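So that you can tell them apart, the chains are marked A, B, C and D in the order they are listed, and the count of residues begins at 1 in each.
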């Protein structure tokens, strides 16, 4: 299980490849991996977005992401879980968040990955400030889950 | 005899600082901490608060040495995702 | 949109990295990527599995995977979709199937990825034969979705 | 004047071949194709069938030049996933 906050750009697929290589203890045991990657779009609520600043509450973020990960491990008997979240200055097309769940069966993998990202968005102390051509604005609420 | 109070995001900007320290004797609950740092401004309804990095309520008790934080609703994850 | 049948091993995360690099037309437009990878387990229904042979119906497989992909694109307004499925001799811990959906929002990405793998498992003409210590057996039915 | 008939997976093994060709004049529907290739064995209830790579029913009409296929329920994807 790993939870990481990154101050710089990360490449989700490369992270998954190297994380999975270190998962040798459960090699052959997982049949299903579900992954979600949130990427920065260059538009939001109808406006062009040039860049973004992602603020967080150091330590509280890690603590709550770890709680969320542990809840998912217990509830869906996950074989492993990975959460990576970017902070700081972010450009369009940059990955912002990665969650991944490894399980024996596929329904649990999907449900766990969905749980990880939904809980992250509602409970982890991150805040986004968007840079628009007209100036900056704080994002005031996350898009509802559906 | 001190409580550290932190502010984040739009609230940090509005308060003009990210952290302040108050005397713990003057504050028994988070609501009282807020009154002291915000010059008796009414606690905004959607503001979130934490004590020692756990979510808390206005009535939660604070003790000497605690770290209290106030912040707007969280908005992590991708934009729009 | 890409649908591929592979006769040899593939590395899902590397495939995603190189596929996404070619998606420059929708760069900055997708906020959500949901991925599912099915990996060969070394056990099934309580038995140890040493290896597997994956048979398919050439051309019919591609045709039906493309149908499934197009249905998902239309239904969830996907910005892109990728399906890769392995055939032939497969060893434990080898990736067998990869599905991925790129969308503006996360609910659609999850639903589309789930749809892709569920429909693939119920409609695409693939058959698995497992090698057990006691001999070989055809898998007679897929695990239900939940 | 010919119809190609393919078998897959456990059915292929049971039939002892993966493909055979029959005279199209002797078969108007898939059920009739089956009767001819399977020596009047009853069509197994869970067997799937396709005409020109589209799923079909026992009553589906077959025409000269068609490719008919019979196969057990499909089991693609990961094992157990």
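Convention: contacts are C-beta pairs under 8 Å (C-beta built on N, C-alpha and C of every residue); 3 or more make two chains touch, one makes a residue touch a chain.
Quantities reported herein were computed from a predicted structural model and do not represent experimental measurements.
Trainee: Between A-D and A-B, flag the pair that has more C-beta pairs in contact.
Mentor: A-B
Trainee: Based only on mean CA positions, could you tell me how far chain B sits from chain D in angstrom?
Mentor: About 70 Å separates the centre of chain B from that of chain D.
Trainee: How many angstrom lie between the centres of chain A and chain D, each centre taken as the mean Cα position?
Mentor: 47
Trainee: Taking the mean of the CA coordinates per chain, how far is chain A from chain C in Å?
Mentor: Spacing between the chain centres: roughly 22 Å.
Trainee: Mind pulling the residue numbers of chain C that touch at least two other chains?
Mentor: Chain C, residues with two or more chain partners: 31-32, 37-41, 43, 104-106, 109, 117, 143.
Trainee: Can you tell me which residues of chain D touch two or more of the remaining chains?
Mentor: Counting only residues that touch two or more other chains, chain D contributes 77-81.
Trainee: Should the pattern of chain-chain touching be classed as line, ring, star, complete or other?
Mentor: other
Trainee: By the touch definition up top, name every chain pair that qualifies.
Mentor: Those chain pairs satisfying the definition are A-B, A-C, A-D, B-C, C-D.
Trainee: Mind listing the chain B positions that touch chain C in their complex?
Mentor: It is residues 77-81 of chain B that touch chain C.
Trainee: Sort out for me which residues of chain A touch chain D in the complex.
Mentor: Touch residues, chain A against chain D: 31-32, 104-106, 109.
Trainee: In their shared complex, at which residues does chain C touch chain D?
Mentor: 37-41, 43-45, 49, 52, 54-57, 59-60, 63-64, 85, 96-97, 117, 120-130, 138-143
Trainee: Write out the stretch or stretches of chain C touching chain A in their complex.
Mentor: So the residues of chain C touching chain A come out as 11-14, 16-17, 20, 27-43, 92-93, 104-107, 109-110, 113-114, 117, 143, 145-146.
Trainee: Using the touch rule from the top, collect the residues of chain D that touch chain C in their complex.
Mentor: 6, 8-10, 12, 50, 53, 55, 69, 71-81
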